[in-house]
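Note that the chains are named A, B, C, D, E, F, G and H in the order they appear, and that numbering of residues resets to 1 at the start of each chain.
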Amino acid sequence: MKPDDRLELGYATLDLGRQARTGIGETVYGPGKTPEQLAAILRSFAERGVPVLATKCTPEQFAFLQRQNVAAVYDPVSRLVKATWGEVTPLPGRVAVCTGGTADVPVAEEAAGTAEFFGLKAERHYDVGVAGLHRLLARIDAIREADVVIAVAGMEGALGSVVAGLVAAPVIAVPTSVGYGAAFQGVSALLAMLNSCAEGMSVVNIDNGFGAAVQALRIVNAAKKLS
Amino acid sequence: MKPDDRLELGYATLDLGRQARTGIGETVYGPGKTPEQLAAILRSFAERGVPVLATKCTPEQFAFLQRQNVAAVYDPVSRLVKATWGEVTPLPGRVAVCTGGTADVPVAEEAAGTAEFFGLKAERHYDVGVAGLHRLLARIDAIREADVVIAVAGMEGALGSVVAGLVAAPVIAVPTSVGYGAAFQGVSALLAMLNSCAEGMSVVNIDNGFGAAVQALRIVNAAKKLS
Amino acid sequence: MKPDDRLELGYATLDLGRQARTGIGETVYGPGKTPEQLAAILRSFAERGVPVLATKCTPEQFAFLQRQNVAAVYDPVSRLVKATWGEVTPLPGRVAVCTGGTADVPVAEEAAGTAEFFGLKAERHYDVGVAGLHRLLARIDAIREADVVIAVAGMEGALGSVVAGLVAAPVIAVPTSVGYGAAFQGVSALLAMLNSCAEGMSVVNIDNGFGAAVQALRIVNAAKKLS
Amino acid sequence: MKPDDRLELGYATLDLGRQARTGIGETVYGPGKTPEQLAAILRSFAERGVPVLATKCTPEQFAFLQRQNVAAVYDPVSRLVKATWGEVTPLPGRVAVCTGGTADVPVAEEAAGTAEFFGLKAERHYDVGVAGLHRLLARIDAIREADVVIAVAGMEGALGSVVAGLVAAPVIAVPTSVGYGAAFQGVSALLAMLNSCAEGMSVVNIDNGFGAAVQALRIVNAAKKLS
Amino acid sequence: MKPDDRLELGYATLDLGRQARTGIGETVYGPGKTPEQLAAILRSFAERGVPVLATKCTPEQFAFLQRQNVAAVYDPVSRLVKATWGEVTPLPGRVAVCTGGTADVPVAEEAAGTAEFFGLKAERHYDVGVAGLHRLLARIDAIREADVVIAVAGMEGALGSVVAGLVAAPVIAVPTSVGYGAAFQGVSALLAMLNSCAEGMSVVNIDNGFGAAVQALRIVNAAKKLS
Amino acid sequence: MKPDDRLELGYATLDLGRQARTGIGETVYGPGKTPEQLAAILRSFAERGVPVLATKCTPEQFAFLQRQNVAAVYDPVSRLVKATWGEVTPLPGRVAVCTGGTADVPVAEEAAGTAEFFGLKAERHYDVGVAGLHRLLARIDAIREADVVIAVAGMEGALGSVVAGLVAAPVIAVPTSVGYGAAFQGVSALLAMLNSCAEGMSVVNIDNGFGAAVQALRIVNAAKKLS
Amino acid sequence: MKPDDRLELGYATLDLGRQARTGIGETVYGPGKTPEQLAAILRSFAERGVPVLATKCTPEQFAFLQRQNVAAVYDPVSRLVKATWGEVTPLPGRVAVCTGGTADVPVAEEAAGTAEFFGLKAERHYDVGVAGLHRLLARIDAIREADVVIAVAGMEGALGSVVAGLVAAPVIAVPTSVGYGAAFQGVSALLAMLNSCAEGMSVVNIDNGFGAAVQALRIVNAAKKLS
Amino acid sequence: MKPDDRLELGYATLDLGRQARTGIGETVYGPGKTPEQLAAILRSFAERGVPVLATKCTPEQFAFLQRQNVAAVYDPVSRLVKATWGEVTPLPGRVAVCTGGTADVPVAEEAAGTAEFFGLKAERHYDVGVAGLHRLLARIDAIREADVVIAVAGMEGALGSVVAGLVAAPVIAVPTSVGYGAAFQGVSALLAMLNSCAEGMSVVNIDNGFGAAVQALRIVNAAKKLS
C-alpha cells in the first residue's frame, strides 16, 4: 500500500492502487456527485488510460458528460456509464443472471453489464420466478453451466433459495426494491434471502447488482489463483 | 345478536352466540389466563355440554386442569387442550398441512389439530421446503387433492409461494418464528408471504396455525352453503 | 407441468400453464414494466385469445396502449386494465367488498373489479367503518349473504375483526395505505388485521385488493370441487 | 416552584412539590429500584404522612418491604403497592375501565387501582372485545354513564375505536402487550389506537394503566375547576 | 343507535347520529377524497344546515369547492375547511396550545382551529421549546389558567413532559413530523411522548392536532356533565 | 436566566439569552419556516447587531431573503445562510472534518461552515473512506493535529471507528443519508457509529453537520475555561 | 432430480440428492428439533455411511445423542456436531476466518469448523478489529494468501469493509449478535456489511458462520470446475 | 503505529499501543468472554504493570477472577472491574454525571467510575428528571461548574436537551434501557437525544456510560493540548 497511490481532487481522493490490491480497479458511485465532479473524475481516469465504470448514473449526469465531451457510453436500463478504452480482455468465468420478474431487469442489467465490463460472460435468464416453477426448471440445465449464479428478485425474494437448492455454483442473491406495501422497498426480499434455508447463498444490498457482479469477479479471480 | 348470548365471569365474558353467528364456537386463548381462570372457563362450557378448544396452553396450565378434574386432553406438541364430549361430526373438507422444515411442526400440528377438532380431515406433508424441491414435487399430487392448503414455514417463508403456484386450492400461509438472526422471530417469513408473487394466497399471524385452520373451516362451510 | 407452457420474450417469460395448474390465468403486474413491454405482453395474450388482467397500471401506461391500438379497457379508480374478449362466464360466488372509509375505495375497486373479471359477483359496502357502527350493522344482513367477505381498511384496520365476528363466511382483510403519521403507509392496519381476535380471518399485502379477490376466486373454485 | 420542595437521597430526589403543582402527589416507579431504595423512599413519604403509590412492583420487592415493616399493601394482579394512611377522600368522577380480553386484566387493574387510590370510582367491564360485539353493546349504557372511559386492549387494539364511536366521554386507550407474533409486545395495538378513525381518543404507553388513570384524574380535577 | 342515522352516497356513508352519540358532529377527513366527493359530502351537510369541518384539505381541493360554490372557508396554515352557518356557540373551556418550535405551528393551528370550530377558546403559546426553558417559564402562569393543554412538538418531543410536570390540567401531546434524519417523520417525538416520565399525559397520532382538540372538547363536555 | 431574554414574534420566540447561558448564540433551523418568517427572524437579529446562522435553507428561501434585502450570504453546498456583521473573531481550536466519500461533502461543509462561523479553523479531508485505507493513512498525521475530529460518513459508517482508533482528539461522528437500499437514509451509518468498538466517539443526528460543529465549539470553549 | 432422492421420517424429509445437485451433502439445523428427532436423523445418515454435520446444537441435545450411542463429536464453542466416518478428504482451498473481537469467536468457530468438515483449510485471525488497525495490518499478508476470506464481526461490523479493501479474494461477511443497546442483536453489523463501500463483499445472516463456510466451499468447488 | 504493539492470545489480540495513539489505554469489554479468557487478559496487563478496566462484567466473572487470585476490584452497581496498581494520577477535568431517575444510576455509575479510573473528578446529580424541573434547577449552578456534562436518561430522554440549553460545557447524552413498552429498551431515549433541539449535544450507545466517560477524557486531554 503506497501512500502515493491516490489522486486528490479536493472533493474526491481517487484510489489508484485498488487494482493492484484487490484485482478490481476503482469504480465510481454516481449518486451524490455533481455532473461537474463526475466529469472531472472520469477525465482523471481517462488521462491515465484507465478504464472506468460509474454506477447508478442519471440521464442528466450522462447528458452533461456528453456536452463536456467525456468519452463514455451509457445504458439507460442499467444506468451504467462505461469508459473502456478498447476491447475488454475476456476472463474465463460465466455468470448466470436470473430474475424473478420483469421489473427486476434493471438491477439484473446492472449486474450483467458490470460483469461484462470486467470481462466475464453474462447469461440472462429473466422472469423465471417461483410462482411458475416450470419456467425456471426449463432453464435449470443452462444455469447449472455457470460458474457463479446471481439471483435477482424483489417481493418475496424466493428465487435465490430455490436456485441454490438446484445448482452447485456459488449463488449471490440480490434483493430488489420491486413490489409495494409490505415489500418495504426491498426489505422483504432482503430478509428472505438472508434467511434462506438453502446452504451457502450470500446476499448483497438491495438493488446492488454491481456488488454481486464484483463478488463474481473476485470468485473467478480466486479460481484462477487456485488452479 | 341477542344480548343474553353471553356469560359474565368478571374477568371473562363468554360469547355463547358465536357458533350461531359465525359457524364456529368460541375458543379459548390460553396465554395470560391463570390456571384457575382457564379451569373455570372450561367448566362453564362443560356445564353446557359445548365442546371447547383452548390454544397455546402450557403444560403447567394443563397439569392444573388435571388436578382439578377438568375433562380435557392435551397435546404437548401443538399445545392444544380439547374437550370434545364424544365423537366429532366429520365435515367433507380435506386440509393439506405442509411445512418447510421439522422445526415448523408444532405450528403445523396446531393447525392440523384445530382442523380435526372441527371435523375436517388433515393431511400432513412435513419438511418439504424449497431447498430440496423434489421433496415437495414428490407429494404435489397428494397436496392437489386437498380443498384447502395450509403452508407453514419460517426462515425465508418461500413454501407458500411455490405451493400456490402449483395448486388450485386456496392457500393459507402461516409464517413461523423458526430461524435466528434476521429471521426476527418470524417477521422475515411473514413479509415474504405477504409479498408472494403467487396469486391469491392469504396470510395469518406468525405461529397462528389455529387461525389458518379456522379460516379453512370457514371456507369449507362456505362451500357447503354454495353447493 | 409441461416445460413448454411458457412464452419467452427476453424480459418476460409468460406462464401459459397457470390456468391449468391453479385455475387462474396469468395476470400482469403493471409497475416496473415499460409501456412497450406491457403492450407486447398484452398482445401476446391477445394473439392467443386469452383474457388478461393487468393491475396497478398508470394512466400513462394505458395511454400508450391506446396509441398502440392494444384492445383493453382501463378503470382509473382501480387502475385495472382488462382485455376480456367477450362476455365473462359468471361463477356462482358472491363477494361482499366492504371499506372502512371513502379513501379505501380505490383498493376496494381493485378487489371488486378483479372479482368481476373472473366472473364473480361483487357487492360494494363502502364507508362502514367502526367509528359509526350502526352504518355496518345496517348492512350486516346483506353482507352475511355473501360467500366471501373482503374487508378493506386503513388507519386502525378494525373493520375486518368486527365483520369476522358477525359473519360465517371466510373474511379476507386488505390493509390500505390510507392514513398518516403512525399509519406508516398501511403497516398499522396490516398489524391490526394480523392480530385480529376474531377467528379465521386471513390477510393480504397492503393495498392488495387484487390478491384478496383471487383468494376469493380460489375459495369459490374449491367450493365447486367440494360440492 | 420552591427549590426546597425536594428531598435528596443520593440515588433519588423526591419531588415534594408535585401535589401543589399538578394536583397529583409523586408516585414511585418500581422497576430498576433495589428493594432497599424502594423501602427508603416509601419511609420518607411515611415520615411526612404523605400517601404514596408505587407501580409495577414485583412480589420480591414487596416481600422485602414487609420484612422491613414498611406499612403498605400489595395487589399481585395490578402489581400496585399502596400506602394510604387512612380513608381515601372520594372524588366525584367515575371511570369505566374496559378490556378486550381476560389477558388484559392486569393492566386494567393497574388503571382501576390507581384511580381508586386517588379517590375516583372505577367500574370494570372486562372481556368485551370486538369479536363478540354484543358483549360490549350489552354494557354500553353503563359505560356511557362514566365521566372518563379507559379502553384496555392488546392484539389488534380495536376496542378503543369502537367505544369512542359510541360514547361522549373522553376515551383514553391503553394498548397492552397481550398477543404473540406480529403483536410485537403491544406495538400492533398501540399503532391501531393512534390511528383510530374515532374522533378524540388519546393513547398512553403500552401496559400503562397507571398513566391512563392519572390522566383521568387530571380530567376530573379540570372539571372541578371548570364548574 | 338508530339504523337510519346515516346517509349513503355510495363512496361514503355519512354518520348523522354521531353528534347525538358522542357530542361531536361528524367531521370529514380530506385526504383520499376526490374534490367531487368532498364537495358532495359538504353539500349534504349544508342541505341539513349542519356545520361541518374538513381536515387536512389541499389548496386544490378548496379551489374546487370554491368553483362549485360550496360555502366554506379555508385556512392554508391549518388546512382546515370550515362551514359553520353562523356564530359558533361558545363553550366554557379554554385550551392552551403550545409548540416547541415555529415549524410545529401548522399542526398547532389545526388543533386551535378545531377547538375554535367547536366553541372552545384557544390560546396560543408558540416556540417555547425546552432548549430555551425561560421562554416556557415566562408563560407558564398563563398556561396554568387553561382547562386543557395541548403540547405540540417534533424532534425530541420533550415539551409535553416538561409542561405536564408544571401544570394540573390534562395535557394532550401531539408529536409532529418536524425534524430530519432520526426524527423519522415524527416517530422520535411520538415515542418520547409515550414514554413521558410526567404523570398523566396522553398522546395522539403524529400531526393530529385535530384529534387533540376533539379530545379537549370531550373533556370539556365531561366537565359540564360532572358539574 | 432572565425572563425577558426573549423576543416574541407570535410564531417564534427568539432566545436572546442563549449566548450568555451556553456560549453559543441562537441559530435558526430553516425547514418548516415560511420565507416571510425566516426574513423577519433574521431582521430581528440584524436590528440587534447579533450575528446569526440559519441551517438547511433552500435556494428558494434565500432568494426571498435577497429580494427582501436581508443582509446575508448563502452557500448552496452546505445550505447555510450566514449574517456575520464583520470579521469573525478567531478561536484557538482546529477542527478536522473528514468524509468517507464525495457524496458526504454537503454535510461536511455544513460542519465546516458552522465551525468557521463561530471562529474555529476547519481543515477538510474528503473522500478518505475505509475501502482505500491508504488514503486515510496518508493524511492521518494532519488529522492528528486537530483538536476535534468530525467524521462524516454514510453507507456503513466505518470511518469514525477507524479514525477514533488512530487519534487522541475527541471524535464526533456524523452519519449521512448517503447510500441506497439498506442504507435506510442514514440509519445504517448511524447504528454503526453508535456501536463503534473504538473508545470515546460520540454521535449526532443523521446529516447533522451543524450539531457536530457546535459540539466542537463547546469543547473548545471548555478547553479555554480549563486552561 | 429423482423423486426418490429422499427419506421420509414423518417430521422430516431427508434430502439424499443434495450432494449430487449442489456438491454439498444435507446438513442438519439443530434448533427446534427434539433430541429424539435429532438422534433419529443422525442415525439415518449413519446407516447410509454418509458424513453429517449438525449446527447450533445445545449441550443437552448432544448429551442425549451420547446416551443413545449416536456416533458423533461435539464442540461446545461452535456448537457443531460432526459425524465424519473417517478422514475428511482435503480440498485445495484455504479460508481465512477473521474476527473483530473475542466475543465473535463462537461464530467464527462455526465457520472454521464447517469449512474443516468439508475438507477446506481454515486459518484463524481473531480479535483484529478496526479500533486497533495495526493488529489487522500485521496479519494482512497472511490473510491475502487465502482463497476466501470470512470476516466475522458484531457491533459496527466494519471489519469486512476494511479487509475487502485490502485483499483480492472474495470476502464473505458474517454479522454477529455481539454488542448491546443499538447493536440490536446484530442488526447494526448486518446493515453496515450490506452497505459496505468496499466492492464485492457479500453477506450472510447474523451469526451464520455455517452459511459463510458453505459459500466458501461452493467457491472452491467452482474454482475446481473452472480450472 | 508499530506492528509489535500487540499481544496475541489466540482468541484475543491485545492492543498495547492504544495509549500512545489515543491517550487511552486498552480497556476490556466483558460480555462474551469466558471467565478464563477474562482472567488471562487481565493477567497479561498485570504482568506489564498496566492498569486495566473491564466493563459490564457479571458477578460470576468476577467471582472466577477472585478464585484465580487476579488482582482487581469490582463494583456490582456499575459492573466495572478495575485493576489500578496504585494511586490514579488526577487530571484537571471535572465531569458532572446527571440522571433522569433512580433506575438510570447503574449506567451513570459506569460513567462516573470510568471517569474516576482515568483520573477525572466525577460529580453525581441523580434523579433530576424533567417531570420535576426544580430538582434540576436547584443544582444547575453546580452542574455549570463542570467541564463536561454527561446526561443519563431513559424513557423520553429529555434530560440532555434541557441541560444542554442551560450550560456551556459539552454535553454527552447517554440513553438508558430504562422504561417499558414503547421505551423499546432505550430506543425511545436514543432517538429523542439524537433529535435534540438543543445545540451541540452528542450521543453514545444505549447504556454506554463507559463511552461517554472516555469521550469526556478525550475532551479533557484535548483541552490540555489546546492550553
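Operating definition for what follows: a contact is a pair of C-beta atoms (placed from the backbone, for glycine too) under 8 Å apart; a residue touches a chain by one contact, two chains touch by 3 or more.
Please read these numbers as outputs of a predicted model, since none were measured by experiment.
Of all chains in the assembly, those touching subunit F and also subunit H are E, G. Counting steps between touching chains, the shortest path from subunit E to subunit G takes 2. Chain centre most remote from that of subunit B: F (centre = mean of CA atoms). To fit its Cα atoms onto subunit G, subunit D must turn through 180 degrees, a value rounded to the nearest 5. Two copies of one chain, subunit B and subunit C, touch each other, and the residues they use overlap strongly: the shared fraction of interface numbers exceeds half. Centre to centre, using the average C-alpha position, subunit F and subunit G are separated by 44 Å. Separation between the centroids of subunit C and subunit E, computed from CA atoms only, is 35 Å. Note: centroid distance subunit A to subunit E, computed from Cα atoms, is 50 Å. Contact of a single residue of subunit C with at least two other chains is seen at positions 1, 18, 29, 101, 131-133, 164-166, 181-183, 187, 190, 194-195, 199, 205-206.
By the definition given earlier, chain contacts exist for A-B, A-C, A-F, A-G, B-C, B-D, B-G, C-D, C-E, D-E, D-H, E-F, E-H, F-G, F-H, G-H. Per the touch definition, subunit A reaches subunit F in the complex via residues 1-6, 9-13, 15, 17-18, 26, 29, 31-33, 37, 56, 175, 177, 185-187, 190, 205-208. For subunit E in complex with subunit H, the touching residues are 100-101, 129-133, 154-158, 161-162, 164-166, 179, 181-184, 187-189, 191-199. Partner subunit A is touched in their complex by these residues of subunit F: 101-105, 124, 126-128, 131-135, 137-138, 178, 180-183. Listed in rising order, the residues of subunit E touching subunit D in the complex are 1, 18, 21-24, 27, 29, 92-93, 147-148, 164-172, 190, 194-195, 199-206, 210-212, 214-215, 217-227.
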